[in-house]
Amino acid sequence: MASTFFQISPRVEGLKKTLTDFVELECIPAEALHHKQMGAQGSADRWKVVPSVIGHLKTRAKSLGLWNLFLPSYYKESPGLTNLEYGILCEIMGRSHVAAEACNCAAPDTGNMEVFAKYGNDAQKAQWLKPLMDGTIRSAFAMTEPQVASSDATNIETRIVKDGDSYVVTGRKVWISGAGDPRCAVYLVMGKTDPSNPNKHKQQSVVIVPADTPGITVVRPMTVFGYDDAPHGHMELAFDNVRIPASNMVLGEGRGFEIIQGRLGPGRIHHCMRAIGLAERALEIHLLRITDPSRTAFGKTLSQHGKQSFDIAASRMDIDQARLLVLRAAATMDAKGPKAAMNEIAMAKVVVPNMTLAVIDRAIQAHGAAGVGQDFPLAYMYASVRTLRIADGPDEVHTIQIAKQELRRAPALRAHQANQLQAIAKL
Amino acid sequence: MASTFFQISPRVEGLKKTLTDFVELECIPAEALHHKQMGAQGSADRWKVVPSVIGHLKTRAKSLGLWNLFLPSYYKESPGLTNLEYGILCEIMGRSHVAAEACNCAAPDTGNMEVFAKYGNDAQKAQWLKPLMDGTIRSAFAMTEPQVASSDATNIETRIVKDGDSYVVTGRKVWISGAGDPRCAVYLVMGKTDPSNPNKHKQQSVVIVPADTPGITVVRPMTVFGYDDAPHGHMELAFDNVRIPASNMVLGEGRGFEIIQGRLGPGRIHHCMRAIGLAERALEIHLLRITDPSRTAFGKTLSQHGKQSFDIAASRMDIDQARLLVLRAAATMDAKGPKAAMNEIAMAKVVVPNMTLAVIDRAIQAHGAAGVGQDFPLAYMYASVRTLRIADGPDEVHTIQIAKQELRRAPALRAHQANQLQAIAKL
Amino acid sequence: MASTFFQISPRVEGLKKTLTDFVELECIPAEALHHKQMGAQGSADRWKVVPSVIGHLKTRAKSLGLWNLFLPSYYKESPGLTNLEYGILCEIMGRSHVAAEACNCAAPDTGNMEVFAKYGNDAQKAQWLKPLMDGTIRSAFAMTEPQVASSDATNIETRIVKDGDSYVVTGRKVWISGAGDPRCAVYLVMGKTDPSNPNKHKQQSVVIVPADTPGITVVRPMTVFGYDDAPHGHMELAFDNVRIPASNMVLGEGRGFEIIQGRLGPGRIHHCMRAIGLAERALEIHLLRITDPSRTAFGKTLSQHGKQSFDIAASRMDIDQARLLVLRAAATMDAKGPKAAMNEIAMAKVVVPNMTLAVIDRAIQAHGAAGVGQDFPLAYMYASVRTLRIADGPDEVHTIQIAKQELRRAPALRAHQANQLQAIAKL
Amino acid sequence: MASTFFQISPRVEGLKKTLTDFVELECIPAEALHHKQMGAQGSADRWKVVPSVIGHLKTRAKSLGLWNLFLPSYYKESPGLTNLEYGILCEIMGRSHVAAEACNCAAPDTGNMEVFAKYGNDAQKAQWLKPLMDGTIRSAFAMTEPQVASSDATNIETRIVKDGDSYVVTGRKVWISGAGDPRCAVYLVMGKTDPSNPNKHKQQSVVIVPADTPGITVVRPMTVFGYDDAPHGHMELAFDNVRIPASNMVLGEGRGFEIIQGRLGPGRIHHCMRAIGLAERALEIHLLRITDPSRTAFGKTLSQHGKQSFDIAASRMDIDQARLLVLRAAATMDAKGPKAAMNEIAMAKVVVPNMTLAVIDRAIQAHGAAGVGQDFPLAYMYASVRTLRIADGPDEVHTIQIAKQELRRAPALRAHQANQLQAIAKL
């Protein structure tokens, strides 16, 4: 057996081809119509509309066998792909901002479905996992809070208080992605059931809160660089004595940290791979612009000006390296589980968004003013990727984790160095 | 006489103090009200509203002697400041996005007023410069076109055809800043009067087009990372056989390049100095966030995490260097005129926006999701500064100009090297 | 078959273990002795010494089966590893600057051996390939010239003139690595046999020149940041009517470009993989320093100062990405040949040296003055890797090649865009 | 009085002209001879030679009035220049590595002379300041130690023990610049007189140690990227019971920190300004290379390849900004003293070396292999500037200081924000 590098199975090659055609010839062409069906940002019924085109695309994706591909093969509900295999396909979905939803592979539903699949009991699965996997409802995960530094999740203050057969939830959440969608039927809410537990990582629990429970107010949509990301949005939510059945506890009291950690591994890889797809598309848009024969400056197409070669090549080198890093993390997760892959996932999580922003920014610059406007997807891409340096843990948190892992090697290195000194002494 | 470094006259010190109080205690506090009075982006009367608070601020600025300070001392209409002196004040205005307009020092009016002051005849001055300096109307400069690479201005295709006592203007313009404002009464339009002139820099002219002339359509507002920048906006405009009196020609046919070059020097410095002010404000917002005692993570305020020290110090070093670069360019323009300062202006034009984006981006990152949202001005700052890497010539054009200037030194350096070789031979 | 990522065969796993032990416990401990046996830089017999320890290590490597591993499996003389497999091992050799030679896998011999194996006839192989593979002689490749921009190899001016049964070589070469070694017995010399050929890529040939041929002068050793890299060195050579038999032509007149292109693919990957090994070692040295309990500053070990975490993590992320990029290039070369891998090799060639310099520089900085001195290998590492941004084509040449490859995609992208527009029109 | 920017007095203009001619036509041409007179690195009498050309240049500089210009005007021994004025001249000296010594303005003598001028008593001045200012002896400052993290000077361990009328010095020092010079007659040695003082900043003292005192061993020269920087060098020194008169204490016991802090302000500015001069020279060498008509690649001079324009312009922008930053620090030191300028000096100290390294590295890359070799001064420049990121406090220490200064503004900013909120409430 010779050593091999990164091979793709025939099944995934087939899915890749089908998905590429779907994304390129159905999803990307549908983007403008999707935008038009949404109506203007700021309009009165902004948060009541679901563009009909997305329903059509979902039907198509289901019929093409491109449905729920994200759920890893170790769940019985899974279509049977590994994380590496899905990663390859996820890149293609990332090329169009409507494709992931069309394939029922959009965040935050994917992470939430995995929570239900991994930690939910049968009743919870029947009530929520089923319609989520059917694509008939959507969901949100409510963690971040406005008054505390949520990058340290032990700061979360929302109270979840047992009261007979119920839990009562009270708190304020913000940046709850997906909660603006009229189809969003359920929230997974993180909060404290045991705020005085001396172990800070045992204070938190996750509960299931149906979106129509009394006491919930959708306060306002947050904007990302001026975009509201409707229909899903990023909402501020108030929970005022929201009463849910005690059976809506996930996994058990005090196990919130266990749940969010289990949830994030694959999700981070998905975000990264979609970003890679988006970077590839930005690079293609960049290439098209600078080779446009009608846009010469000083007697040359832009591509003939030396600077552009260095920008284009930098984007290519950046993308290719980052993709390999994510796929390696996915393969490690497949081979050894999410915990063993934690560090590799963290590296991808830091590298990919920064890389993608650089690639998009170069494309913007090559477009002049058109790059920041609405006729090209570049500025919107930039805004959405910028949030990835913050979401699911800011760069800084992941970087420190990577460093800690390296520093743990020091004692073994020091022992090895002592062996080398002994070897020198013998020479 | 000892050598001296960068001193400020007592008059400017006084203005600085007055302006600082005005900006800090009147303009910045008015920003939220200004935003509220504008109504929601996408609303029906978006481009008909002028927030009343801006009228109030203008009255205040006039009464405080903070009016039209931008117009350099060599114009008889000037309040008498040098470019260096105004540069210092301009930084303070840049701290609030309403301050420049409040002081009648906002782009693109400033550049347009300078065109009228420098190149306009008495009739043109009476009709347009007077109300612009009074702040009763606003204006736009229509150069960029959608179908060509406008970074090379010889590509501009709009036709300006002489027809008896009139000129007839036909063409399509885009990204015309200020043209969305209901008070915008006049456009300066760049186009070709002599498209077959073998000297490509003689084909272009600039004409005065009243905004209410028949044949003009405001096609749509362009957005910048999702923001429409109302009330002034960045509009797409169609000129369809727009007939203006022949007396609306500025300076003379074929002198368009002369006008745009004369117009841009001070304007670029203004943009840069406002960006410096904005960078300082972003750094202050950054400092406030990371020292907020209520936002600890992992047991420390953010400022106690080592990474923040390096971000904060980087922002301080970046800002201080860039400011000195702009002020030097302003001083050179004062001492030797805009042409001699061209290279120093180009350096500032490249360095400052890139620097400011880095400073803002660090502040965004320290805020987490709040950094990209609407509760802090950071994302909006980022979007508006991003356009400065493109407007008035993209980074690439200025960089090449700077390099050309350096490369012109090569023959003298080669001669000098020959002298040194002779000196070596004698040793 | 599930998709797999990067697997290593049992044979290579075994070699990896043997080689790691050899490098860590024999080569690295021998470095100081090697340095001592060389004598002082500048000493009279600097270029006559071969440190005896290297002979000992060569014997050891041969006995351990770590000999000539570099030669790819498609040569009959090969020990049978693919480029990917050798790449993995090459990283380990890169950790010590004596290991590659110990394993008879050092540049430029490796590239030269491949030239003989690929293009040499039987007589040439018997005379030169045999002793090179036995490790009894060494060799050099003489291409770069002092008077021309050698990054464009068509500029090479050395003349190779046919004269009866001989060729006569005249020219000046510089930076000829390995030519300082007393064991260097043969040069492959690139020069022009047909300088007036209208096809600039047919003017050049490569001939075999025994190092002891009359007319050759070793003019002087060049230094790299102050290091002379003895014993192999980088020499300036003068060829003054150097007469060699006509049978010393390699492959045929006018085929010089074919030879240098065939020679460089694997060699670039070797350089890159050795650099990765060196980067890993630099990172280990970095980790040891900042965790040294005896070197606290301001009450903490350096590793407890926040900045170091970001440096360490950056190095880890940089290395891991770059390694994957090189291994991908090696695997592509194995699967599709060097030509198909050209672009992937170019990416590695640009990315890896820049990355390695950054990793080493961070380690230097963490060491303070010790980092630039002779007690740690860091400064020497930096100097030797700095040359990799230049050798075998500077960054700029490779970058432009990568960009060209991207730009070639533009027509297909434009056709695809037309299809998408048609799809939009149908919605 | 209008605001003015950076003006130079006629006297300094005159000195600038004289100095420029001296450096360009006498010092730079003497560099090769200086190198030749030194003999080969590694040679037996390496540390006994003083190149005679330096004596000649010193005589010339003295006669031209270019002597001791560094000593600030507030010392009675000063030739009367401010720090700003000397800064301007110091840049010119930085262009040649022999010029500063020729003008008796070389580190570490300058800092040591300032210590004697500022803190020395009359006897100490007569014995040491006089010959130093006459240029008849040289000196060194012995602070860094091999076994501790010397970036935190409280770690310094050398003992200075009172014994009757003597002090006895015992310890090990390393990287003692200038101590290799045969003319080096005196060391200022930092060590602990009171190691148990609870105030860590009171444990240290500085004493005067004549270089020929028994008990001193010059252990070895340290190298910087392979260069030994002879004749001055960077030596490792051993002090073994070195007995000096008690009158050799500077300022008083326990005042070591006061002395090193007073010494470093101007010295850092000198280092920075010399680095600026060196960066300018590197840029000139860069320009000469890429415009060399004999070095075309692919049919163009290098300057005609687009990438070079961006490199050249980057170097120009980087240099100009950094120079302004240093001169501002010098002017602040003149106006308000070194303590008030501490932060501005720290900024220059971080920015300038990093900038200079980038400028040199771009020049190296444009030269190909020649850039790292001995035929151009670039690699040596790089090595010597690399040490500036470490010497007199590493980047990290200065950066943290700059950040601390910024963070001190937070309470005032918070109070100001409260005022603004009140103003908002009133609208």
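A, B, C and D are the chain letters, set down in written order, and residue numbers restart from 1 in every chain.
The criterion applied here is as follows: a contact is a pair of C-beta atoms (placed from the backbone, for glycine too) under 8 Å apart; a residue touches a chain by one contact, two chains touch by 3 or more.
Source: prediction; values computed, not measured.
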If I rank B-D and C-D by number of C-beta contact pairs, which comes first? B-D
Remotest chain, chain A as reference, centres from CA atoms: D
Let me have the rounded angstrom distance from the C-alpha centre of chain A over to the C-alpha centre of chain D, please. 51
Any idea how many Å lie between the Cα centroids of chain C and chain D? 38
So how far apart, in whole Å, are chain B and chain D when each is placed at the average of its C-alpha atoms? 40
Show the residues in chain A shared as contacts by 2 or more other chains, in ascending order. 305, 307, 309-310, 399
Looking at which chains touch, is this a line, ring, star, complete or other? complete
Across the complex, what residues on chain C touch chain B? 305-307, 309-310
Which residues, counting only chain D, touch chain B once they are in their complex? 1-10, 12, 24-26, 28-30, 32-33, 53, 82, 84-85, 88, 283-284, 287-288, 291, 303, 308-310, 312-314, 316-317, 320-322, 324-325, 327-328, 330-331, 344, 347, 350-351, 399-400, 402-407, 409-410, 413-414, 416-417, 419-421, 423-424, 427
Within their complex, chain A touches chain B through residues 40-43, 144, 146-152, 155, 174-175, 222-227, 234, 294-298, 302, 305, 307, 364-365, 368-374, 379-380, 382-383, 386-387, 389-391, 394-396, 399
